[in-house]
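These notes concern the structure reproduced below.
In order of appearance the chains are A, B, C and D, and numbering begins at 1 in each one.
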Amino acid sequence: MAAAHQLAFPMVMVNDADCKHLFDNRYGTGQSVWDGINRTTNLIVAGKNAVVAGYGWCGKGVAMRAKALGAKVIVTEIDPIKAIEAHMDGFEVMPMNQAALTGDFFITVTGCSHVINLEHMKKMKNGAILCNAGHFDVEIDMAGLRAASLSSIDQRKNIIGYEVRPGSFIYVLGEGRLVNLACGDGHPAEIMDMSFAVQAMSALYLVQHKDSLTDKLIPVPREVDQKIARRKLASLGLSIDVLTPNQEEYLHSSAI
Amino acid sequence: MAAAHQLAFPMVMVNDADCKHLFDNRYGTGQSVWDGINRTTNLIVAGKNAVVAGYGWCGKGVAMRAKALGAKVIVTEIDPIKAIEAHMDGFEVMPMNQAALTGDFFITVTGCSHVINLEHMKKMKNGAILCNAGHFDVEIDMAGLRAASLSSIDQRKNIIGYEVRPGSFIYVLGEGRLVNLACGDGHPAEIMDMSFAVQAMSALYLVQHKDSLTDKLIPVPREVDQKIARRKLASLGLSIDVLTPNQEEYLHSSAI
Amino acid sequence: MAAAHQLAFPMVMVNDADCKHLFDNRYGTGQSVWDGINRTTNLIVAGKNAVVAGYGWCGKGVAMRAKALGAKVIVTEIDPIKAIEAHMDGFEVMPMNQAALTGDFFITVTGCSHVINLEHMKKMKNGAILCNAGHFDVEIDMAGLRAASLSSIDQRKNIIGYEVRPGSFIYVLGEGRLVNLACGDGHPAEIMDMSFAVQAMSALYLVQHKDSLTDKLIPVPREVDQKIARRKLASLGLSIDVLTPNQEEYLHSSAI
Amino acid sequence: MAAAHQLAFPMVMVNDADCKHLFDNRYGTGQSVWDGINRTTNLIVAGKNAVVAGYGWCGKGVAMRAKALGAKVIVTEIDPIKAIEAHMDGFEVMPMNQAALTGDFFITVTGCSHVINLEHMKKMKNGAILCNAGHFDVEIDMAGLRAASLSSIDQRKNIIGYEVRPGSFIYVLGEGRLVNLACGDGHPAEIMDMSFAVQAMSALYLVQHKDSLTDKLIPVPREVDQKIARRKLASLGLSIDVLTPNQEEYLHSSAI
């Protein structure tokens, strides 16, 4: 809408604030996704192959916790830079077409549609577990799966099995909706505080600067991000260093 | 009883089998304890201080997963060797008396009684979470706590708060019973298979060798442990190397 | 110079390219700093307190590898957002004034001056090891240390001990110059390939677009970063997913 | 010799002491092997496939640090229990015959001979790095390699390349001798203190008990192991909990 000049008022891109994506997306999603999977499946994660589709901040969190639980992690990506990051973080990187063959758990965190499509699902091992922690229930092609499966079974609370080949079932958690919400309690309140602060402080900023702002997308001002972080630190009882005048001068000199 | 020559039949020490304690205790308890804590509290673990009392196989599992979730881990021990192991694994080591002051989560996995006593509990931070994953509900002195607390509150399912100082509450999960059972679904079945196999195969061993066994404690025979492990590997689809005759000879030579 | 309109030609900010800081700074510095420390000191890292000053990409790499080697990591920062990141990554966060008391290893990676000053050094434990992996040999106040120490000793190759209190020595590696260069072989060539590619491709970009560029600082164009990453992936033998036309359409729709 | 009743005096099995294998083997070997590899090759470890042959205490240390440096770890074993441990620790488990195809680094830590044989080496990727951290230079079949290679090249200090297929070279560090000794400074003194204490205290024990000991192999007495550990803790400035009389009584009761 912004690109088409259709915004009727200034908007702050709160999802891009450091105090949002560096914390809520990574530590919140990372923990709550596996909380949702574990309490729903009661399967052991150690020794399994966990396929994480998408290596953005959420995907980084999900992959980090998968590894931490003892899984071997496979990352799929469309962005070459994120793919190399995943590789350097010690994860296998491959297309979903190939990952589909070996995954025990599949978690989509891309924001895109049909990241796991019918072709992928037909290849999966009997017993594979699928879930989504991205935007909506479109990351896994649920409609295609429902239409093409030979049978389905209500296996356990929040787990439906779909027969994708004769005698072979794959299991979808929470109907492909966000697994941490559908199969858990969502993010811990403690990790949402910074995200909500970004929204509140950004609204305040809009009001305070309404005369000088135009109907455009604006990033969360650095000062807002910093103020929220300083308050969070204080609430955690943590103090940090402060630049001395000499250090300020050094940093602004041409010496560096 | 064995020490007092009171055993009326031969007994196999199934809990000491490699196929039991190396797996069920470590990976089973490690995952299921945090599953129980997370689904019950919905608190973020990253950045918190997790105090693990006991660094046996269960404690190692609980500490490993605490670190994996982003906690700073403090280990308390009575055994100096295990204490140095914890230190070398990158954990803080200190007496409970001191750990009580900084812990956010406390998990007892010792098999002993009153590992967390009233003196410890009175020192804890407002909001500290306590739970037990050891033998029974005696590791935390629940009777002492109930008697001495100024008030108590049913905070949330499976969480009771006890006012240990005026206005300061500590929260006990599952009444101090095993948190993975009381507040979760216990160990995943997949990790219990080896433990149950140890029991079944040990019973079979007793029957098959009943004529030659005396009324003593016997360790799980190495051949039983190995047989179970080989079947588990096969079920996982894994194959491993086999010694060649030359290697067998080398290992039995005096060269090494 | 750019801020003062003193640039005489267009300049590309190669150090800010994703293909530079996400890889060379993090994985290159992370490994090579500890390689330099280990080969120079031959001390065990497990169980030690490692203080990392600065939690930028280099600091993240150094802290990640310190933890991986079994150290307990303390991070000092001036930026509140990075400080919370370090906290959530499971590290202690505190001012250098406090960290000075407990650190066994100190590594500065800030780009600033006198991050470790004389006041800090006088507090340190006997036997503390100091080194720098930031820009220059100003991060540790070497001049102040040399002037104020009671004596100094050439302890071992690349290690000089300074007596900061009677009988108490702290040890500086490589005279406070970059420890991976002064005490090691620098970054592995494999991790520098992307950094050098950024420089080469940016130079090419400048030549190809010389008519349209003004004498300003320009970021590395996204297309250059992506092209380098794709070539790197190919050299690693890795392939990744590609958006389908339907997915492209979905991502540009107003549905998300 | 003990099995053949050929011992002429009592011998203590110092290598089996907890204060030896739990520390020196794991943390000492783990760190020093990668120190040796890194300083010799100057290759990045992150993203590489590291094949660790043997998952005893040394192998666990080497694998743990390989993962910590960002490698994907493959473990080969002959013992099914250790193989499942490796699997549950999140590592790939497969025979060497298969691992040979994908490894970038190979480290043998088995105590056996020809763990990597000529057949394996002929399959390896061009550029594979081989080294040994086990007992002797027999774990890699160096004689076979030298005899069968088409050519060899002195690539860099402590690195010899062998042409195993036309145009394809594999590189052996330190002639297949212990890589941490041949290509580094061996274990840090700090981690050897406990091992040496085991030897000294065991010798003292032999002298003090010479009248009651027979010419057999005896394990390191528990009291010796514990005494060493207590002194080590004290030297680290660490204190731990002590059982109360009530706890002693509980542990010896039939309640548990």
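Before moving on, here are some points about what is shown:
Operating definition for what follows: contacts are C-beta pairs under 8 Å (C-beta built on N, C-alpha and C of every residue); 3 or more make two chains touch, one makes a residue touch a chain.
In this text, all values refer to a predicted model and were calculated from it rather than measured experimentally.
Common neighbours of chain C and chain D (chains touching each): A, B. Pairs B-C and A-C differ in how many C-beta pairs touch across them, and the larger number is found at A-C.
When the contact pairs of A-D are set against those of B-D, B-C or C-D, over half line up by residue number only for B-C.
Compared with chain C, the chain whose C-alpha mean position is the greatest distance off is B. Note on chain placement: the centre of chain A and the centre of chain C lie 27 Å apart, centres being C-alpha means. Here the spacing of chain A and chain B, counted between their Cα centres, is 32 Å. Distance from the chain B centre to the chain C centre is 39 Å, each centre being the mean of its Cα atoms.
Shown for chain D are the residues that touch two or more other chains, namely 27, 46-47, 67, 70, 87-88, 236. Taken together, the chain C residues at the contact with chain B in this complex read 46-47, 67, 70-72, 87-92.
Contacts from chain B toward chain D in the complex involve residues 1, 18-19, 22-23, 26-27, 76-81, 83-85, 87-88, 93-96, 111-114, 135-136, 138, 194, 225-226, 229-230, 232-233, 236, 238-244, 246-247, 250-251, 254, 256. The touching residues of chain D, when paired with chain C in their complex, are 27-28, 31, 35, 38-39, 42-47, 65, 67-70, 184-185, 188-191, 236.
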